[in-house]
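What follows is a pair of complexes built around chain A, which joins chain B in one and chain C in the other.
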Partner chain A sequence: MSLSRFLSSRWGPIVTGAAVGVLAPLLVQQGNPGNMGICVACFNRDIAGALGFHRAAAVQYIRPEILAFVFGALAAALAFGEFRPRGGSSPLIRFVLGMFAAIGALVFLGCPWRAVLRLAGGDGNAIPGIVGLVAGIGLGIVFLKRGFSLGRSRPAAPAVPWVMPVFAAVLLALLLGAPLLGRTPEGNPTGPVFFSEKGPGSQHAPWLLSLAAGLVVGFLAQRSRFCTVGAFRDVLLLRDAHLLNGVVALLVAAFATNLALGQFHAGFEGNPVAHTGTSWNFAGMVLAGLAFTLAGGCPGRQVFLCGEGDGDAGVFVVGMIAGAGVAHLCSLASSPSGPGPYGPWAVGIGLVVLCLFGATMRESTTN
Partner chain B sequence: MNGTKNLDVRGLSCPEPALRTRLALQGLGTGTLVVLVDSSTSRNNVERTGRQLGWQTQALEEGATTRITLRK
Partner chain C sequence: MKHGVVLFHTTSAALRAEKLTVRAGLDVKLVPTPRELSSDCGIALRFAWGEAARVANVLAAGAVEHEVHPMPEQG
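Then we have the complex of A and B:
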């Protein structure tokens, strides 16, 4: 069996999930924040901070894993003949979905990947987050069954699929070069990239290890269609466990790896980059789960789609980075002490906006 | 009920191609459904949906479009 056929078989999501489950705890051991070996929402938030899109000094770093996801998926798409320029399916709506997805995830403090990784590290607060995620996906399914659609994408100009890979390459250059092009009022060099000196943003594995892990995951995930939101959605909507097998593999592999590395600590209190507010852990992920479902896939999947030419996924990812910036500029994001002062309001507003999208977007109204 | 139906899911995001295929197959009961897709992801999902419901699938690539014929 060829690699291409193997990865598109039932084993593809399982191998990809297992790879994430092993590599993420290893990245924690090598320096990434606790239970955050890979988190697409947190890492986009760190990238937003590194680019100066918010001023939370503790969460600023250009995460090589995200960049490598794009490169790995690009390599796979080219190798397997799946590189296809496309776009034009409600891009502005996707931008807003990306923003609210990031805001919801940052109220919980993690994307669906990290929710599973937190559980595999013993963090009980992940449970209401995962329940909320499934509830949000369920709400999205209600709209899908009623005919929700963002409309059809169309073949795009040859330049479109290269925008996100080039953006990722520029970010890698900024990470490695760390140029100081700006000036403070006192005339001291500063920016355009900022790196945390303490806090989660300062905790990171060596960049080459992060890049290598991201390349492996991106390559596998592009061909296997690994998707943590599609996993639950397809079981609920289509009675299809093809993708869920990948999430189970992720959970089992991460649990075993954490045990082997001495990184499993069961409990609710004192978990890394987590809070114990059950209600908002739940509600934040309802919002994120709904946003991901309406957009067609989890944040990791959106990043992988960026590598295979999907301009609409690129808009979603840029929306996530913008949403992460807003989440920290407006005190929406949670901290280990609990939800931000305006986070609950943002979740409520986001749910109203997304339900309006869900109720009103039909194919006939989007084309 | 026997019959033939055509379904064009080109350009649609997940899970719409598989969902529309599933609804169409359940509506047909038996017969032939021809589904047009334009990505290998949609092709995989449509074929898997058909097989799960007991339909035979056959795919024919026609340029950027793949024509999937499902029969039962």
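Then we have the complex of A and C:
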């Protein structure tokens, strides 16, 4: 069986999940923050900070993993004839969904991948987050069954699919070149790229390792359609565990790798980049899960779709970066001491807005 | 039995298609879109290949945009 056919089989999501489960703890060992070998929400937040879109000095770094996801998926899509320029499926709504997805995930402190990675590292606070994620996906399915739709995408101009890969390439150049193009009021060189000197943003594996890990995951995930939100959606809606097997593989592989590396510490207190506020761990992920379900995939999948030519996924990812900026500018994001002062308000507002989208956007009104 | 699969552009189209075909008495099942087929939507509708014409008619009457394919062999 060829590699392509193998990854298209039921083994595809399992191999992809296992690869993430092994590589993420290894990236932690090599310098990434604890239980955050890979986190699409946290890493988009770090990218937002590195570009000066928020002022939280502790979370600023252009994460090569995210850029490499786009490159890896692009390579796979080009190699196997799945690079299709497309877009036009309610892009502005997707931007807002991306924003609230990032805000919800940053109230919990992690995307669905990191929720599983946190659990695999022994962080019990991940459990209400995962329960909230499944609840959010369930709520999204209710809207889907009632006819929610963002409308179909259409073939797009040849330039559209290259915007996100080029954006990723520019970010890689900024990371490596770190040009100082701005000036402070005193006339000192500064920005446009910022690097944390302490905190999670200062913790990172060597960039080449991060890039290599991201390329492998991006390639595998594009071939296998690995998606953590699709996994739960398919179980709830279709009683099909094809994608969920990948999530289970991620959990098992990450648990085993953490044990082998001495990175497993069971408990609720003192976990890295995590808080113990059960209610808001739950509610943040309800919001994120709903946003991902309405948008059609988890944040990892949205990044991979950017490499396949899907302009709508690109808008969602840009929305996530914007949302991460807002989350830190407005004190919505949580910290290890607990939810941000306005985080709960943002979750409430987000749920109202998303439910309005869910209830009012129907197939007949969007086609 | 040989199966066919209907692909859609949106999840809600897949769910509506299931409703219409079940109402028409067809034996169908929502399944994840087979990986060998490329589609915007992760959910597809499986049916008995012998019913391909009836399925297409029901979906056309319901104005559901779709594509009908034979089900690829499972890897």
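We adopt the following convention: the second predicted complex is superposed on the first by the 367 of 367 C-alpha atoms of A that agree within 3 Å, B and C clash if a C-alpha of one lies under 4 Å from a C-alpha of the other, contacts with A are read in each partner's own complex, and residues count from 1 in each chain.
Methods note: contacts are C-beta pairs under 8 Å (C-beta built on N, C-alpha and C of every residue); 3 or more make two chains touch, one makes a residue touch a chain.
Since we're looking at a predicted model, the values are computed, not measured.
Engineer: Which holds for A:Arg84: it touches chain B only (first), chain C only (second), both, or neither?
Structural biologist: After superposing on A, A:Arg84 lies in contact with both chain B and chain C.
Engineer: Between chain B (first) and chain C (second), which, if any, makes contact with A:Leu238: first, second, both or neither?
Structural biologist: So A:Leu238 meets both chain B and chain C here.
Engineer: Identify the partner contact of A:Arg183: answer first if only chain B is touched, second if only chain C is, both if each is, neither if none is.
Structural biologist: Neither partner.
Engineer: So in the superposed three-chain picture, is A:Arg55 touching just chain B, just chain C, both, or none of them (first/second/both/neither)?
Structural biologist: Touch partners of A:Arg55: none, neither chain B nor chain C.
Engineer: For A:Ser8, is the partner it touches chain B (first), chain C (second), both, or none of the two (neither)?
Structural biologist: Both partners, chain B and chain C.
Engineer: Go through the superposed model and pick first if A:Ser153 touches only chain B, second if only chain C, both, or neither.
Structural biologist: both
Engineer: Under the contact rule defined above, give the chain A residues that sit at the interface with chain B and also at the interface with chain C.
Structural biologist: Common to the two interfaces on chain A: residues 8, 82, 84, 86, 144-145, 149-153, 225, 227, 230, 233-234, 237-238, 240, 242, 296-297.
Engineer: Which of the residues in chain A end up touching chain B in this complex?
Structural biologist: Listed in rising order, the residues are 8, 80, 82, 84, 86, 89, 144-145, 149-155, 225, 227, 230, 233-234, 237-240, 242, 295-297, 312.
Engineer: Over in the complex, which chain B residues touch chain A? Could you list them?
Structural biologist: Answer in residue numbers: 10-16, 18-19, 22, 38-41, 44, 48-49, 52, 64.
Engineer: Can you list the chain A residues touching chain C in their complex?
Structural biologist: Residues 1, 5-6, 8-10, 12, 82, 84, 86, 144-145, 147-153, 224-225, 227, 230, 233-234, 237-238, 240, 242-243, 296-297, 362-363, 367 of chain A touch chain C in their complex.
Engineer: Can you list the chain C residues touching chain A in their complex?
Structural biologist: 9-13, 15-16, 30-32, 35-36, 38, 40-43, 65, 74-75
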